[in-house]
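Labels run A, B, C and D following the written order; every chain starts at residue 1.
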Amino acid sequence: MPIKRIAVLTTGGDAPGMNAAIRSVVRCAINQKVEVMGVSRGWWGLINEELKLFNHRSVSGIINQGGTVLKTARCPEFTTEEGRERAFQTIKKHSIDGLIVIGGNGSFTAAHIFYQKYKVPVIGIPASIDNDINGIDLTFGADTAVNTALAAIDNIRDTATSMERIFVVEVMGRDSGYIALAVALGGGCEGVIIPERKFDLQVMCHDIVNGNLKGKVSWIIVVAEGAAKAEDIARKIHEITTLETRAVTLGHIQRGGRPTAFSRDIALKLGHAAVEQILQGKADLAVGLCCGKVISVDFATAIEKKNLEVDSWYKLIKILT
Amino acid sequence: MPIKRIAVLTTGGDAPGMNAAIRSVVRCAINQKVEVMGVSRGWWGLINEELKLFNHRSVSGIINQGGTVLKTARCPEFTTEEGRERAFQTIKKHSIDGLIVIGGNGSFTAAHIFYQKYKVPVIGIPASIDNDINGIDLTFGADTAVNTALAAIDNIRDTATSMERIFVVEVMGRDSGYIALAVALGGGCEGVIIPERKFDLQVMCHDIVNGNLKGKVSWIIVVAEGAAKAEDIARKIHEITTLETRAVTLGHIQRGGRPTAFSRDIALKLGHAAVEQILQGKADLAVGLCCGKVISVDFATAIEKKNLEVDSWYKLIKILT
Amino acid sequence: MPIKRIAVLTTGGDAPGMNAAIRSVVRCAINQKVEVMGVSRGWWGLINEELKLFNHRSVSGIINQGGTVLKTARCPEFTTEEGRERAFQTIKKHSIDGLIVIGGNGSFTAAHIFYQKYKVPVIGIPASIDNDINGIDLTFGADTAVNTALAAIDNIRDTATSMERIFVVEVMGRDSGYIALAVALGGGCEGVIIPERKFDLQVMCHDIVNGNLKGKVSWIIVVAEGAAKAEDIARKIHEITTLETRAVTLGHIQRGGRPTAFSRDIALKLGHAAVEQILQGKADLAVGLCCGKVISVDFATAIEKKNLEVDSWYKLIKILT
Amino acid sequence: MPIKRIAVLTTGGDAPGMNAAIRSVVRCAINQKVEVMGVSRGWWGLINEELKLFNHRSVSGIINQGGTVLKTARCPEFTTEEGRERAFQTIKKHSIDGLIVIGGNGSFTAAHIFYQKYKVPVIGIPASIDNDINGIDLTFGADTAVNTALAAIDNIRDTATSMERIFVVEVMGRDSGYIALAVALGGGCEGVIIPERKFDLQVMCHDIVNGNLKGKVSWIIVVAEGAAKAEDIARKIHEITTLETRAVTLGHIQRGGRPTAFSRDIALKLGHAAVEQILQGKADLAVGLCCGKVISVDFATAIEKKNLEVDSWYKLIKILT
């Protein structure tokens, strides 16, 4: 059965580049004479029939905007059979032949379950800022998030150096140390605490005290939110070393903002790839970049735990500080 | 007695533009055939004789750098008579005829006390990010801090809109609502909580619930750190409205970073003015911009509580959201 | 006759903050129970009846966007009596009681002529990036334009220093040296060429060669577009000094972009002030900031040649380099 | 013979990340108990014996700075046998066992010739902003240059949309369309002219006029400097279409500035890799990233013409606009 109409939605936390991906999906589909419906608020919009036909102009002027014009929302109802059934009814009612889901890990799990039951072709475009999709190099939000966090670290470095203080900076990453490692390396930070790696605070404090004796007076320790709270680490460092220590939690500033060139580039290429895949009859998989090339990964693989090469990264951070 | 040699130091929290001010002081003094010594770590450097002669090149390449190359530090010892006596000995020993202090409120209070006793000509250059110096329009750090906080708010807006959530964002300002008001206005924020103004959370929550019924689904409330904790406000809003609410505390990212054009402009002009004042035999006062012109304000006046026109600002914020 | 409905338009070159001004005009008017029509493409839209009623939502999400959602255009027809007559017919037809014009010098001249004939209350909001409106401190676009140009200069400084070259950088400013002076000062530039001041290239080249002998190997000369072409100056410097010299013309990158906090602040306050003025029965004048306060200036005064304090600025630039 | 001392230099045009690469080379070498000398102004410094021993602190605070603290210069003398002989004498005199050259295409050609004759181990780190090194994915300067150009395009888009004009924007790239393609895609630009692809202005003008009739009123055409001059293209478009067209040449702003996270990441990893390679006795090759992994490429291969996948990129740009 030829694909005549698809729908696109964004789910999970918003990520910079989502709008570029939407633009790419819409225009690539229209270019192939396929109609596109934009669904509001992720799965919720499918369940509640909040969707409308998009045209070429619907996605004008959004390529450089953070967030998502389709909005995104949590949708506990979609974890129930009844919710998925209602979503399927909307799909049938609007003669939708395929679905493109822009989202992260949790979104692909949900999409996979949905596909297993209803066999509606679903293609995923990985959009997390945490870079936690297995089998691909980089999710498109990650580059922007890392640059935003790095700009914050650069600012904090000015104060750390001027006031000769220790700063503990908490970045996003519930299960993944990706952002933390990237900014610790790029920011010339002196330490990094991530979920993937055991960490010994006593050793770090020992290093700080030793460094201090040799004249090293400012430190920035990066913490992934999934590994520890910046406040806790800062308090403990102060207790052990008696040195003045401050905590900063970057929080939601890492999620929004103008997408970087790289975030846009990935988002646009994957939007195109997703449309191509769905037109070729593929389903139940995510597209992604690997070694600069577009590849596809089964949802079942994509949602597995991604392995970062933590050790080489960590080692380089230690050598460089 | 003609001024042949002056010293310059930075104290209190670092502020973007301090390096531009140092550059201006050094080069303007040298241009007038006056020698300049750079003192490290504020008053501490005077007490501990950490200072050295600067030349034209000593301040190359720093005009666009955040922080302060002279470093800054707290110095409890300078609050004691003994500490001030030691600082004075350094000044005598190095034949320093005048002192330029780049700092905030507390720095000027200390400088004022020091001048009362030792009669060493001291001129202050206001450098706070809080814009809390009385009698002048704007401290030079404030413009950069506000722009940094505003960029963060713009990012958060992307997520607030996409996920339809309430965000409570805490900005700097222990005694002053300046940053909070400026970013609430410029960021199109829906509420602002500042030390200068009573605030009724029940009324705000009532507005939020009402707005929600009419379809307004995202809110950003800005809180000055001196008025409340973002975490507390967010928790209470959630308790009262049951709506999802997130807290973000911008913290030290507001202190560093490349100074804006305006921060540099003020810093450079005031560096020049401070040197002019000291050469004209003035003392015990701060220079500042008022209505685009350089003026001077007695330390005694400068350290009084600054009056912001809170009400007109607040009213405009309410009209515009 | 009470004002029940006003129209707002943007004319002349776009400037960052125009959208913030539109938002402020629309929401402040609605807050006063006055209807607002948005006119497309400046005077052209009045003549061609391209306008529509705006509501509170019409100006959502634009506060941090460069450009103007109302668009702007040149309109030679409005310089003719017939064109103005047609514009007036549109105003009558749509029962428009007053007009708010967001624009620059030329826009106010046209508005003044229009008012003289038709007595439709017109209030101007100064929006130029050149800061060329007489009687007020700063047009709202100027702060963003200066910061954009300064970021470019900071980038160029990296190369000038690394490659030890002379750069001539042309910034906007047909009749005004404002941007040039501001970035030359803030960028630590070694020379500045502006329309308001005679300039001796031989002297500058002599300084460059002398500096070169003393080891000063990188120079940035800022040129306002109205004073000279960067290409010409660069070629002549090379001819006279034989040193490698590069020209960069920043051009239109200075016009767009996210408005700074200050640009938004001015735009929002003046939008409010313009509505207040028109409701108080005022006409034929521009609102503006002077010494931090909102004032009004007759169009006849506003369009006179603005006097910059060129000499003190110029002198400081020379001292600091 | 074990490597006890190496030298590092930067040559060719400066690129953002050079300082991060220098830092990495210096600290990784010291970590391996190898001494490092920093050479000033590229080959010129070798010939003229301008070099000095670096320590851990020599590279503090430079990780986020554009340009190169080692400076860079053209050196025609190094293209002569006599020049290279003098460089070799410096290397012998200072007991330098290996050389790390951070630079582009031309630098590697020179390094290759030098190695052939003197057999001093030379390892290259690709640093061009043009991304023109064959056999690797990305040179480290390219990501920053593309983001800088993209920010400029985003600004210009504001004006193009507001004033409904055509803009022709010239970006860097003498032999490579990389930057042009990347910003044309990421900026949602309507056309791109690059050295690698024939281009038909008549067809483009035909599209513009057609688009214009359908209501598409703003266009941005990106031109790589090696393909055409923006001024020429703009003039011709105006002549053919009679539509208002503006030219902007971004020029040297693309070269400097704070390196992005990705530029720093690559630079730091390759600095480490270059030290590893030289310690393992390798020579006459460049290190680089390919598919996220560090690889090495013979200089002879690295300096060949790099093949961009121009067609797929170009096609996507056309579909998306």
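Some notes on this structure:
The criterion applied here is as follows: a residue touches a chain if its C-beta (ideal position, glycine included) is under 8 Å from a C-beta of that chain, and two chains touch if they have at least 3 such contacts.
Keep in mind it's a predicted model, so treat the numbers as computed, not measured.
The set of chains touching subunit A and also touching subunit B is empty. For the touching copies subunit C and subunit D, the fraction of interface residue numbers used by both exceeds half; the interface is of the same-residue type. One simple way to say how far apart two chains are is to compare their mean CA positions; for subunit B and subunit C this gives 28 Å.
Taking the mean of the C-alpha atoms as each chain's centre, subunit C and subunit D sit 35 Å apart. Rounded to a whole number, the gap between the C-alpha centres of subunit B and subunit D is 39 angstrom.
Residue numbers of subunit C whose C-beta contacts span two or more other chains: 154, 157, 161. Pairs of chains in mutual contact: A-B, A-D, B-C, C-D. Within the complex formed with subunit B, the subunit A residues making contact are 10, 13-14, 16, 18, 41, 65-68, 71-73, 148, 151-152, 154-159, 161-164, 167, 246-257.
Within the complex formed with subunit A, the subunit D residues making contact are 20, 23-24, 27-28, 31, 61, 63-64, 137, 143, 146-147, 150, 154, 157, 161, 182-183, 185-188, 258, 260-262, 264-265, 268-269, 272, 290-292, 316, 319-320.
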